[in-house]
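After this come two complexes, each holding chain A, first together with chain B and then together with chain C.
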Partner chain A sequence: MSTLLEVKNLKTSFFTHLGEIQAVRGASFTLNQGEVLGIVGESGSGKSVTALSVMGLIEEPGKIKEGEILFEGQDLTRYSNSQMSELRGNEISMIFQDPMTSLNPVYTIQNQMVEVLRRHQKIGKAEARKRAIEMLRLVGIPEPEKRIKNYPHEFSGGMRQRVMIANALSCGPKLLIADEPTTALDVTIQAQILDLMNELKERINAAIILITHDLGVIAEVCDHIVVMYGGSIMETGTEKDIFYNPQHPYTNGLHKSIPKMTTEQKSRLIPIRGTPPDLLHPPAGCPFSARCPHTMAVCLEDAPPTYGISDTQTSACWLMDEKAPKVDNYVSGGKGIE
Partner chain B sequence: MASYFLRRFLYSILTIFLIATVTFFMMHSIPGGPFTRERPVPDEIMRVLNEKYNLDAPLYEQYYDYMKGLITFDFGPSFSKIGTSVNDLISSGFPRTAKVGALACLLIVAVGIPIGIISALKQNRPIDYTVMFMATLGVTIPSFVLATIIIFFFAGKLGWIPSFGLETWRSYLGPVLALSGYSLSFVARLTRSSMLEVLRQDYVRTARANGLKELSVIGKHAVKNAIIPVITYMGPTVAAIMTGSFVIERIFAIPGIGRYFVESVSNRDYTTIMAITVLYASFYVIMVLLVDVAYALVDPRIRFEKETH
Partner chain C sequence: MSLEAKELSSQSPLLEVKGLRKYFELRTGLLNSRKSYLKAVDGISFEIRKGETFGLVGESGCGKSTTGRTIIRLYEATGGEVMFDGVDLTTLPEKELRPYRKRIQMIFQDPYASLNPRMTVTDIIGEGIQIHNPSTAQARQEVIYDLLARVGLKREHANRYPHEFSGGQRQRIGIARALAVGPELVVCDEPISALDVSVQAQVVNMLEDLQDDMGLTYLFIAHDLSMVKHISDRIGVMYLGVLMEVCGSEELYSNPTHPYTKALLSAIPIPDPELTRKNKRVVLKGDVPSPIDPPVGCRFASRCPVATSICREETPELREMGSDHFAACHNI
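This part shows the complex of A and B:
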C-alpha cells in the first residue's frame, strides 16, 4: 500500500494578542491509501487543528509555522489558497462535528451539492443533480429524488450528517477527514453513522482520518490510531496495540477513565487528575508530565523522543528509555478493555 | 400563503383606520384651530369660517364626515392654502419627495451594504477602521448639520451643486446625500457586524472545506444569511425616507411634502395633518408587509403558516 498522506513535524500556532498559542507542536504521522486513521485526544489536544492544517483551513491569526504535509508527495503547506481550494472537496474532503449548523440554512441540499460537484467536476447541472441523488441514496437518505429539494432544517441531525457525508464524498475524494462526526448526535444515531462509515469505507476506497475524543468510536472503525495530547503525539499504533498493549501513561489513563460494561464488581473510574497544559506557555518537557503518575526528573526538562516499540507502535515517553525504571502495574491497565 | 397575505392586508387596513382615528381625536384635543391667530379674529368672521368648513359641527359628526371622504381617498380642503385641496398638495409635492427618497434608498442599499461587507472582510485593517470611523460620524452627525455642511461647501464654496430646488440632476446630489447619510452609515455598520457573525458560522467553513471559490463563499453563502437584519432595518427606513424630511426639504428648498409634517401641526391644518399621517402610516404598513415577504424569500425557515393544521 502506498503512502497517501505524510505529516512531518507539523507545528501550527495561533498568534493571539495574549501571545502564541502552540496548538500543534510537532505532529508526525502517515496514512496509507484506503486506510482509516483515528486521531484521539481530549479537547485542546490539537486534533482538530491538525485536520484543519491538512485542509489548509487555518484562519487568521493561526499559521502553520513549520513542517510538511505531503499529500501524494506534494507539500500542501506550499500551496496557495486557490490551489488548495481545487483540492478541497475534490481530493480531500471534510465533515464536521455539528451537522445542525454545517449546512447553509438558506439553500436547498440540491443547490449546495450541485455547486460542489460543478466546482470540481466539469459536468452540467442535470448530471450533477443525478450524481448528488446517487450519493444521497448511497448514504441511506430515503427518497433522495424528493429529499434533495429540501432545506437543511427539514432533516434530522442524523440525516443531516448523512447529507454532509454524501456531499463530502460526492467528488470521489482520496482522503476524507471526519472531525468528531458523531459527537453532536444521539447515541443510537452515532452508531448508525459509524456503521455507515464502516460500510462506505469498503465501497469508496478513500482513506479516512477520524478525529474523536471517544475511544469507543475509534475502536469500531480504525486501522491505526494516533493519541494526541497537548499538541503532541503521545502514542501511535494499530487498534490492537492501543487497546490491548498501551505503552504510554496517557493512553493508559484514558482507558482507566472509561466506564466498562463488563466489570463484574463495582469499581470506581480512575480519572486523570489535573488539567491539560496551557498551550500559551507549554511545558518544556513532556506535556503530560504534570498529570503523569510516573513523572521523572527528565520528564519535566526535556520532551521525550518517540520510541519505536514494534513495527506498528510508537510511544513518546521517557519510560521507554533503557535507563528508565521498569514500571510494573501500569501496562496492565489496558487489559480491562474488551 | 395567499390567504395569509389577504389576512395581513385586512389587518393593515384596520391598522391605518385606527391610526387615522387616534390622530383625528388627538389633533382636535390640541387647543386652538386652523383659524386661530395671535390677534383675535372677530367672532363673526370666526363663526362664518367654522361654519364654512363644518368645524362647528359636533366632533363625532366631523369624524364621520372625514372618514367617509377618506374611504374614497378624498382628503378634503386645505385649511392653510385656501382654495386648494389636500389631494392637490400631496400630488404636487409627493412626487418630488419620493424621487429624492427613492434615490436616497438606492444609495443606502447600493453603498451601505457593499462597504459593510468589505469592512467585515478586512476586519481590523486600515480600510475597516476608515469605513467604521466614517460610519460612526455618519450616524452621530445630525442631518441638518450634514445638510448645512453640504450646502456650505459644495453649493457655496465650490459651486458644484445648486443650493435649492430640483432643476438639474446635480441638484439631487445634496439632498440625497444628506437624507441618506444616517441610514447609509447605519446599514454599513449593521452589515459589517452581521457579516462578521455569519463568517464565523460552520456553514461558511463547510463552503470553504468544499473548495468553493472565495467569491462564492462570500457572495453566495455568507451574504444571503447576513442580509436578514438589514432587511428588518430597511422596512421602516424606506417608509420614513420616502415620505421626506422636514429638515432636508427646508434646507435644500425642495417643494415636497416633508415640510407638512411640522407645518401642518403648528397651523392646526387638520386635513393636512390627517393626510400626512395616513400616507406615512400606509407606507409603513406596506413596508412591514414587504419585509415579511422578503424574509420568506431569503430564509426558508420562516414560513407564514404551519403546513399541517
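This part shows the complex of A and C:
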C-alpha cells in the first residue's frame, strides 16, 4: 500500500489577543491508501485543528506555523487558495459534526449536490443530478429521486448526515475526513451511520480519517489509531495495539476511566486526576505530565521524543527510554491514578 | 448502594411517580387557531427507594429531562402524581411546597449555563442556604467551606467567579449548590455529558462518595448507557414519553426483554474491537416518530423488529417479567 497522506511535524497556532494558542504542537502521522485512521482525543486536544489544517481551512487568526502536509507527495501548506479549492471537495472532502449547520438551509439537496459535482467535474446538469441520486441511494436514502428535491430541514439528523456523506463522496475523493460525524446523533442513529461507514469503506476507494472523542466509535471502524492530547500525539498504533496493549499512560488512563459494559461486578472508575493543559501556556515538558501517575523529573522539563515500540506502534513517553524505571502500565492491573 | 441503604430500601419508596403526564401546548395554523399537544411525558410510573440511584435513559426527545423537571416542579404536571414521602407535590401550593424544595435538589447538564456568571462561588452556594436555613454570615461561610471541601475544591475558590473554572470544576460548584440545603433526593440531569471523558470519571466517583457520606437518593438522567449502568441500582428505559422497561441495572444489561432495550444496548459502541466484531447488532430502521400526535398503540411499533398488528392498536402496559423487572411489550 502506498502512502496517501503524510503529516510531518505540523504546528498550528491561533494568535488571539490573549496570546498564541498552540492548538497543534508538532503532529506527525501517515495514512496509506484505503486505510481508516482514527484520531481520538478530548476537546482541545488538537484533533479537529489537525484535520482543518489538512483541509487548508485554518482561518485568521490561525496559522500553520511549521511542518509539511504531503498529499500524494505534494506539500499542501505551499498550495495557494485556488489550488486548495480545486482539491477540496474533489480529492479531499470532509464531513462535519453538526449536519444541520453544514448544509445550506435555503437550497434544496439537489442544488447543493449538483453544485459540488459541476464545480469539480466537467459534466452537465442532468448528468450531475443522476450521479447525485446514485450517491443518495448508496448512502441509504429511501426514494432518492423524490428526496433530492427536499430542503435540509425536511430530513432528520441521521438522514442529514447521510446526505452530507453522499455529498462528500460525490466526486470520488481519495481522502475523506469525518470530524465527529456521529457525536450529534442518538445512539441508535449513530449505529446506523457507523454501519454505513463500515459498508462504504469496502465499496469506495477512499482513505478515511475519523476524528472522535469516543473510543467506542474508534473500535467500530478504524484500522489505525492516533491518540492526541494537549496538541501533541501521545501514541499511535493499530487497533490491537491501542486497545489491548496501550503503552502511553494517557491512553491507559482513558481506558480505565470508562465504565465497562461487560463487567458484572460494580467496580470504581479510575479517573485521570486534574484537567487538560491550557494551550495558551502549554507546559514545557510532556503535556500529560501534570496528570500522569508516572511523572519523572525529565517529564516536566523536556517533551518526550517518539519511541517506536513495534512496526506499528509508537509512544511519546519518557517511560519508553531505556534509562526509565519499568512500570506496570497495562489495561488490566497497574496502579490507580487517584 | 451501601448496606444501610439496602436495608432501608425495603421500606416504602422515597419518591413515587404515578401516571405522570406533561403535555406542551403548541399553536399552529392561521392566527394560531389550531391547538395541538406535544406529549413529552405521557403516563409514566416508577418509584425510587431511599438511598438508591435510579437511572433514566433514552434518546434525545424521549422525555427523560422533562420527567426530572416536572418532578421538581420546574414544569407543572399535566396529570398524574408525584408522591414524595407520601405527599403529592404536583398539587401543593407554592408556599407549602417550599419545605420540599429543600429536600429535592437538581444538578443541571450544562455547567456553563447553570451558574450565574455575575455571582461568586460563595453567593451561588450560599443563596439556597440563606433562603432555607438562615443563619449568620460567618456560620454560612463555614458551611460553604465545608461543601467546597466535599466536592474537591479549595477555600480560596470561594471568592472567584464561574468563568475562572474549568467545566469539571463548575460542575462541582453546581453539585455543592445542590447539596447546600441538605437534600434527600437529587435529580441529576445529564450531569456529566458536557464534560471531557477523562473528567467524567472524577465527577461520577464524587457523586458516589457523596451518596455514601450523606445518604442521598439520586435520580440519574442520561443518554450514555454505559455510565448509567455503572452508577445506577435500577434503570428505567424511556422512549417517546413512555417507560419501556424498568429493572435492576445488572438485570437490564444481562437480561433485557424489551426489543427497544435490546436495540439500544446493542447500539452502544464498545471500546473493545474484538467484542464489537463478535456482537451481532440490532440496527433499528428509521427515526423516532414525532411526539406531537404520537402513534396509537405501542410508541415503538414503527421501528420494532417484532411488531405485530396488536402493537399498532393497543398501548402495552408495564407487566412484571421477573422479580422487580417490568416491561411494556405485547410480544414478550
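By definition in this document, the second predicted complex is superposed on the first by the 328 of 338 C-alpha atoms of A that agree within 3 Å, B and C clash if a C-alpha of one lies under 4 Å from a C-alpha of the other, contacts with A are read in each partner's own complex, and residues count from 1 in each chain.
Simple rule for what comes next: a residue touches a chain if its C-beta (ideal position, glycine included) is under 8 Å from a C-beta of that chain, and two chains touch if they have at least 3 such contacts.
None of the values given here were measured: they were computed from a predicted structure.
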| item | value |
| --- | --- |
| A:Glu322 touches, of chain B and chain C: first, second, both or neither? | neither |
| Partner chain in contact with A:Gly253 - chain B first, chain C second, else both or neither | second |
| Which superposed partner A:Ser102 touches (first chain B, second chain C, both, neither) | first |
| First, second, both or neither for A:Glu202, with chain B first and chain C second | neither |
| Which superposed partner A:Thr188 touches (first chain B, second chain C, both, neither) | second |
| Chain B versus chain C as contact partner of A:Val217, first or second or both or neither | second |
| Chain B or chain C, by number of chain A residues touched | C |
| First, second, both or neither for A:His153, with chain B first and chain C second | first |
| Footprint of chain B on chain A - complex, ascending | 55, 57, 81-82, 84-90, 93-94, 96, 98, 101-108, 115-116, 119-120, 151, 153, 164, 167-168 |
| Interfacial residue positions of chain A with respect to chain C in the complex | 42-43, 156-159, 186-192, 194-195, 213-220, 239-240, 243, 253-255, 257-262, 264, 266, 268-273, 275-276, 291 |
| Residues of chain C defined as touching chain A within the complex | 59-60, 166, 168-169, 196-202, 204-205, 208, 223, 225-227, 229-230, 250, 253-254, 263-264, 266-273, 275-276, 281, 283-284, 287-288 |
| Chain A contact footprint on chain B (complex, rising order) | 201-203, 205-214, 216, 220-221, 224-225, 298-301 |
